[in-house]
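Chains: A, B and C, in written order; residue numbering restarts at 1 for each.
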Amino acid sequence: MENNNNHYSIETKDLSIHYGRFTAVRNVNLKVEKQKITAIIGPSGCGKSTLLRAFNRMNDFVSGSSVTGEIFLHGRNLYSKHVDPVEVRRKIGMVFQKPNPFPKSIYENIAWGARINGFKGKVDELVENSLRSAALWDEVKDKLQESAYALSGGQQQRLCIARAIAVQPEIILMDEPASALDPISTLRVEELLQELKKNYTILIVTHNMQQAARASDFTAMMMIDDQRAGGVIEFDDTKKIFTRPTDKRTEDYVTGRFG
Amino acid sequence: MNQKTDSFPEGSDFYSALKKRYRVASIWQILFLSALFVAMISLTALLYNVMDGAFGYIAYEYKNDPSEFTFTPVNELSKEELLTILQNNLSAGAYKKLDAEQAMPTRSQADLMNLFLERLLQIDTKQTWSMTESILQGNEIRQEAKTNYPEARIEFRSWLTPQFLVSSLSSRAEFAGVRTAVLGSLWLVGIAIAFALPIGTGAAIYLQEYAPKNWFTAIIQTNLNNLAGVPSIVYGMLGLAVFVRLLEPFTSGGIFGLTDANGRTVLSAGLTMGILVLPLIIINAQEAIKAVPDSLRQASFGVGATRWQTVWYHVLPNALPGILTGSILALSRALGETAPLIVVGASTFISVDPDGPFSKFTALPIQIYQWTTRAQSEFHAVAASGIIVLLVLLLTLNASAILLRNRFQRKL
Amino acid sequence: MNFDLKKKTRVGESVIQALLFFAGILSVFITLAIVYELGKEALLFFNNPDVTLAKFFGGTIWQPGIGAYGIWALVSATLTTSFIAICISLPLGLAAAVYLSEYASLRARSILKPALEILAGIPTVVYGYFALLFVTPVLQNIFGNENIQVYNMLSAGLVMGIMILPLISSMSEDALSAAPRALREAAYALGATKVETSLQVVLPAALSGIGAALIVGISRAVGETMIVAVASGAGPNFTFNPLQAAETMTGHIARISGGDLSYNSIDYTSLFSIALMLFLVTLALNLISQWVVNRFRERYE
């Protein structure tokens, strides 16, 4: 990979996100390491999802939203005028809170993203590989042409992960991917994360601290300030965050003394 | 397990592919927008077409020269002069007949002028031109008319005049007016709403507040949605069979002692319209009642009110603006409906204003239909003027519905 | 104070409830009355020795003078005008719906939506005027006077398409907007452009709602009377050539019932048989569309 003089994948520099005049997220400086899992935690309403969606420019669809500061991927600012958001989203995939498969067949769910992005290889292979990577292949290999809606919630979410993998992004953003799932499905998704980080950089928003502690390598702790703008108050090794946090607020939060 | 392949276009390949995708995208976007463009163009063309018909040059002749009757220029004649001229030149029988319809001295100057033009001068329209032609080719038209009709007078005429609004129908396009038709339409929608509003509101209250959730209620609801989609002409057939024919003794006024009428009355037509708009009124009223928050009902029940007291004192007052808005929209539907009126037997030519539910009648859309299908172009001009009157009435109704809705929304 | 909790019969309440119940089921009686009255007269019609079901449903000539009652003479015009109308209103209505639901800014919507509502609120007799006195002359210029009749199905069909366009666009727009936001986000997150998302994800998700809109549109076209009565021609004519004059089922009812019609004559009863067919066809279409819409609702709610 070009520009590979450090082991960081994506960096933010004084990143602030605004809705109209309201500042939702203020001055975030993060360096996300390659092929690691970085968790973003914090109380609800602190801007975790907003921050996550800034990485692949999903906030563009919210009218009135704007961004100041920079996000760098391979040394290019994702918010520079010359960058196309479509390209950004192709490189930075996303998995959402609730499973949201397309109302198409399982096969089409995977193949569609590849097709629109001009995939020239063998689609069948791509579908199989993606489903295998998402640990779903064995469960669905005999019913690829059936509607994705026939799958269980946990399967649907793994299908959405497979769909994101299929366009071969570098980074996968996950917005509380297990919050709508039962404990067993959650566990499977967490196991899957460990597999995926071999190939992908993963940023995950979670409100579940055990999950962050179990699954992530790094953790960013977010909190709102007195003007209701969210900010990262501490960013460090997950182990350190959960055992020896430097910030008192982080300590309160991870030990459950907060809110 | 690394499966990164070169199968996705990267770098410059990606950008050229993306460029192509955007090109396709903009073509589609133009297509989407052009559909709306077509709709707007159609609307504009329709409105323009109507305006175009209602104004323009007209070439006409007088069969009898004005100098035979008076030396004052025709358009400067006073009411008194006109009265004298008519008295002196109409046959005694004809004058008496006119006087019996409405006493001559009580008639307006414009009315008398029409009689003068129609009976004595015997105006005869030779040709009419549209507004566009008249504006763009005024000189050519005057030249052409001069050569084709050397005797003719040419003037720019607005077919839509105050006179048009207050005149009754006429077999001559020049004197035709919409008073009788507008009054007929008002009677119609009046009867329709008097019938449909209370019943429709009652039905909506029953369905929202009383009806148990069972298969029977589901059937009523499905049936309502279907009725709303039944072609209006089928309602006309129902009206013909039930109101005009079966209930003739009632709808003709026969049981009230009227003898000369048949069932083709404004009452029959009004009831037919009432049935036609009933499903719309019910569905709208249901929406309005649904929008009343449940907490209000619970509060009312909580202080010991009965179901009806809750409905009457709390649900209805809050739903009323919504119900009225829906009713106004239903009214405007009834005002523009034509097909059922043809079927239940609106009179195509009638010069007597409707004066009660058992009158024969005509309606504005019926006259527009009649005038449009006449061969002579001067009737098309009258039709265009009638359409303008109808559209203005509809616009007023809809504007009041929107005002009502906005006030209602602000309150909630 | 007497305070028992016995159930009281409230006479006033019961009377009111009975009245409301009657209002509620009146609509069912209306449907029954339609079926009964149309059915009764249609039965009289079919009992006529001149008429057989085979000739009625198989014949292509409708000429009461010679005792020929072949419904196809009217159905052909109904099919032709409705087909033209749908060919106009479906693509245009759908494209307009996609634009309004996926592209238009709030400002653009606030102008475009009311304009479409105006188009939907114009009485059909006015559309008839427009068809006969604007569209027909334009078509005569295009095709040449000798190739197209003054009354023709093309003009009526085109204008009917414009009339139905707002209906299809607003129903389709509702269906498109009902497609969940999450679906759009999923598509964008894969690097899809707006058009790819709209056409390949949102549109298929809304397909059943759009299908319902199409069916309601067909039902509206089949039942539409005034445009065809004014512009399409007065006289049954078995043809599918849109440049010719031909009378639709509705147009025929309007023309014949507008004249002097004596009860119990075969002219009178024949109209009811046509009306019964119209009613049954539109009823079936409306039922199907409701079924489709209900299924569609269940999926996302």
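By definition in this document, contacts are C-beta pairs under 8 Å (C-beta built on N, C-alpha and C of every residue); 3 or more make two chains touch, one makes a residue touch a chain.
Keep in mind that this is a model prediction, so the values were computed, not measured.
Enquirer: Which two chains does the highest number of contacting C-beta pairs join?
Expert: After tallying contacts for each pair, the winner is B-C.
Enquirer: If you average the Cα atoms per chain, which one ends up farthest from chain B?
Expert: A
Enquirer: Centre of all protein Cα atoms: which chain's centre is nearest to it?
Expert: C
Enquirer: How many angstrom between the C-alpha centroids of chain C and chain A?
Expert: 49
Enquirer: Counting only Cα atoms for the centres, state how far chain B is from chain C in Å.
Expert: 20
Enquirer: With chain centres defined as C-alpha means, what is the inter-centre distance between chain A and chain B in Å?
Expert: Taking the average C-alpha coordinate of chain A and of chain B, the gap between them is 59 Å.
Enquirer: What positions in chain A touch 2 or more of the other chains?
Expert: In chain A, 86-87, 90, 116-117, 167 touch at least two other chains.
Enquirer: By residue number and range, which residues of chain C touch two or more other chains?
Expert: 193, 196
Enquirer: Mind pulling the chain B residues that touch 2 or more other chains?
Expert: Only 21 qualify.
Enquirer: List the residues on chain B that touch chain C in their complex, please.
Expert: 21-22, 24-25, 28-29, 31-36, 38-40, 42-43, 45-46, 49-50, 53, 198-200, 202-203, 205-207, 210-211, 219-220, 222-227, 229-234, 236-238, 240-242, 245, 275, 278-279, 282, 306-308, 332, 335-339, 342-343, 345, 348, 365, 368-369, 372-373, 380, 383-384, 387, 390-391, 394, 398
Enquirer: For the complex, give me every residue of chain A touching chain C.
Expert: 56, 58, 61, 86-87, 89-91, 93-94, 96, 98, 100-104, 112-113, 116-117, 160, 163-164, 167
Enquirer: For chain C, which residues count as touching chain B in their complex?
Expert: Those residues of chain C that touch chain B are 10, 12-13, 16-17, 19-28, 30-31, 33-34, 37-38, 40-41, 91-96, 98-100, 103, 112, 115-116, 118-119, 121-130, 132-134, 162, 165-166, 169, 193-196, 199, 216, 219-220, 222-226, 229-230, 250, 253-254, 257-258, 263, 271-272, 275, 278-279, 282-283, 285-287, 290.
Enquirer: Which residues, counting only chain C, touch chain A once they are in their complex?
Expert: 180, 182-193, 196, 200-201, 204-205
Enquirer: Contact residues on chain A for chain B in the complex?
Expert: Counting only chain A, the residues touching chain B are 84, 86-87, 90, 114, 116-121, 126, 129, 133, 167-168, 195, 198-199.
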